[in-house]
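Only one structure is covered here, and it is reproduced in the block below.
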Amino acid sequence: MSALTVKDLHVKINESHILHGVTFEVPTNKVTALLGRNGVGKSTTLRTIMGFYEGTGSVELNGKQILGMQTHKIVQSGVAFVPEDREVFASLTVKENLSLAARGKNNDAAYKAVYDLFPELDSRAAQQAGSLSGGQQQMVAIARALLNKNEILLVDEPTKGLAPKLVTEVADVLAKVAQSTTMLLVEQNLALVKRVAQHVIVMDQGRVMYQGGPENLHDESWVHQMLGVSGGHK
Amino acid sequence: MLRWKYSRPLLGLLLLVLAIAPMFSANPLGKPGMQQTLAVAFVWGALALTYDLLFGFTGLLSFGHALYFATGVYVSCILINHNVVSWWLAAIIAIAVSAVLAALVGAASLRTTGITFAMVTLAFGEAGHVIVNRNFFNLTGGENGIALNADNIPQFWIGVVNTKYIYWLALAALIFTYAVIWWVTESSAGRVFSALRDNEQRVQVLGLNTQHFKLLAFVISAALAAMLGFVMLIAAGSAAPRFAESGVTIALLLMVVIGGPVTRWGAVLGGIFYSFASTRMQDLTQQESFKSIPKWIGGPIAEPALLLGLIFIFIVMFSPGGLSGAYYRLRLKALSRKSS
Amino acid sequence: MDTFILIGITGIGLGALYFLVASGLSLIYGLMGVLNFAHGSFLTVGAFVGYWIATKLGPETSMVDFIIAMIVGGLAAGLFALLIEQLLITRLYDRHIDQALVTVGVSLVVGAVLAGWFGNDLIMFPAPMWFLTAINVGGAMIPADRVVYIATAVLLLIGNWALLKYTRIGLIIRAGVENRNMVNALGINVRRAFSTVFFLGGFAAGVGGVLVSVYSNGVSPLIAGSYLIYGFIVVVIGGMGSVPGSFLAAMMIGVIRQFANYYVTGLGDFVVVILLAGVLLIRPQGLLGKVRA
């Protein structure tokens, strides 16, 4: 059974029909990349799965229907979210950002795993999150999501706005995390996608155009046709 | 189609009755007491309509509308008492002063929106209240207000027997206010006001200067409020600080919400109903039968704010379109049943 | 010089009262987006319950009696606030204008009920005799009650700070004031924090109500109105959602008002109101507030 099954998802936001019957499956324990040009509905899809928008259709998490549930209940069911623009709490310290996210009682193992991945978060525990750099904030955002047991990780454009060196660091982290988690990753950076993704979904104008393996990503003409960009970013 | 085809003729008939009945003493409208109550109710109905232009039509939640009403009351009173100009010129000057004041306050406060705008207007409204209450420049009479000097206004407005002339003044003011606001909202400017209420960004994208339109609505409603202030001065016989309180604006908010913010007649109805209910309830509590109710029930019921507050809460929770909204909903249901 | 000190400390005492009202208002707006016009009712409920307790505890009110009256008044107001939140506010989730309107309705109803039961005239509040004594501060004779107001406000500020900094619910409130949706996105039901904030705001207002009754020489449903307006002014100037901001603004406004009134009677209210307009037009987010997204 797939970790996440989305069927015929229609979403309207302020009278604009954004998603037109989106259907796809996210296989368990693999990284699925959600690709497409700007504005085709990738973020909207993630945010609808998170319960921020209402929609019709079906969204099943390991067989359990989560469409229509309240956001916090969806997250408690095992969905973790790393939003576009990070959205860390600027007025809270790094440690507070993390402890807010940790829901369970016995988190020591989870914290240790997170600090192994991001040693800087440990050394900067008392620093106000608002004073962190973009890359460090991204680390907080990802770390937050890893502190609980998750069925799926939704990651929205994690390398957006980051310098190339940081992009590589984030890519390293995501690759490591991906080994033990189901991930649905929205990302424009094709190099990163080629590195971590085992499954690919391409969207256009609120619909799914392609679902399948990542082989085609190496085909420049396919990439150009599907995504309107040249493949292989630095 | 939504309008009942008999509603306009019936309304005309009602206005005719309202206008003519006071001439004959035999009917309820012939009694000075009822005439006075209705005159005040008409003023509040019209004032509610001016507030509706701001809040219901343009989406501007102002907490300082009382300022312009009070300006009308006080400026007219001061000018008339000091015999500076004739009474009708005093009224016109009061309206002009209020309009200028609104233009200035509006230019400053309309740079903000939403809750901030509400707070800024509250601040300016309170400033006005403080000015009249503290008797600045020894002009405003402080807490007790100023009594209107009856020598300087026409004879036909003085004396209980002449209450019907005050009644007619108020009725005329209501009709005039309604006509002006009808004209404004039906005009192309009016359509912009409604568009502003729904989505200001879209209006800006059309290349229209939203500030100017908001300011226009603001000034028009303030000018009309000042005119109604003059009428209230004649009806009440004095200028008092209670006309400048934030409670007035809150009452207007209630009237508009109870009547229904989006329709014009809803606001008028809300205002008349509110005023009438408040006055009548005071009278009710004086009756003997009322005095026999145990105090812990009777005490609160005697306060108009209780009933009005409860109605208000009910409408906000369950029927946000107010009375007129509910009327149109029922009408829609009746129509769709007829056609199916 | 001692006049200066007297006016200054009286101003700070007044500011303390404003802060008790404003702190709840600030958090309620900051976290929930609700402009709570019923906050004045919380003050009045606290005042009347406190009055009732004080009279029940005997003809002479000792300091202990007074403190009990404050706490019980606060609890009553807090519970009432919680009731309003559960019955009315939650049903209007995210309809912010309607929420504000409903609180207006509540303030009218509560005012009417209390006026109906007790009338609008001031009922003398039996304060401890000690309040009438004067304390010598740097040559100025300060009425003792001012000290009580300031002490209570400082206690509240510290308590609030400790709650926000050291408890989980405090963490949730701080995060929620900044970004409500993201808190939900972390699997936390942020609405439970709403109830806490309403209760605490009501409690603070209720305690404030008891103190206001002493300051105003009596209990009456009519007093809350001006304190509510001042509460809003303090919250806006201090910054919505910032309790330290409210504290700062409250002190400033109390002192400014007293000094202005000293030179010209009645000038105080006017100056404060103009200050509000000025702040709103120049720096809409207030002293310590954040610019809301």
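Each chain carries a letter (A, B and C) given by its place in the written order, and its residues are counted from 1.
Following the convention adopted for this analysis, a residue touches a chain if its C-beta (ideal position, glycine included) is under 8 Å from a C-beta of that chain, and two chains touch if they have at least 3 such contacts.
Just so we're clear, the structure is a prediction, and the values are computed from it rather than from any experiment.
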For chain B and chain C, chains touching each: none
Closest chain to global C-alpha mean, per-chain Cα centroids: C
Farthest-lying chain, centroid of Cα atoms versus that of chain B: A
Chain B-chain C separation of Cα centroids, rounded to whole Å: 32
Distance from chain C to chain A - Cα centre to Cα centre, in angstrom: 43
Gap in Å, rounded to a whole number, between the CA centres of chain B and chain A: 54
Chain A - residues contacting chain C, complex: 50, 52, 70-72, 75-76, 81, 83, 87, 89-92, 96, 99-101, 103, 144, 148
Residues of chain C that touch chain A when the two form their complex: 171-172, 174-175, 178-179, 181-190, 290
Residue numbers on chain B that touch chain C, as the complex places them: 61, 108-109, 111-112, 115-116, 118-120, 122-124, 126-127, 130-131, 133-136, 246-247, 250, 253-254, 257, 295-296, 298-306, 308-310, 312-313, 316-317, 320
Interface residues, chain C side, partner chain B - complex: 29, 35, 88, 91-92, 97-98, 101-102, 104-109, 111-113, 115-117, 225, 229, 232-233, 236, 265-267, 269-270, 273-274, 276-277, 280-281, 284
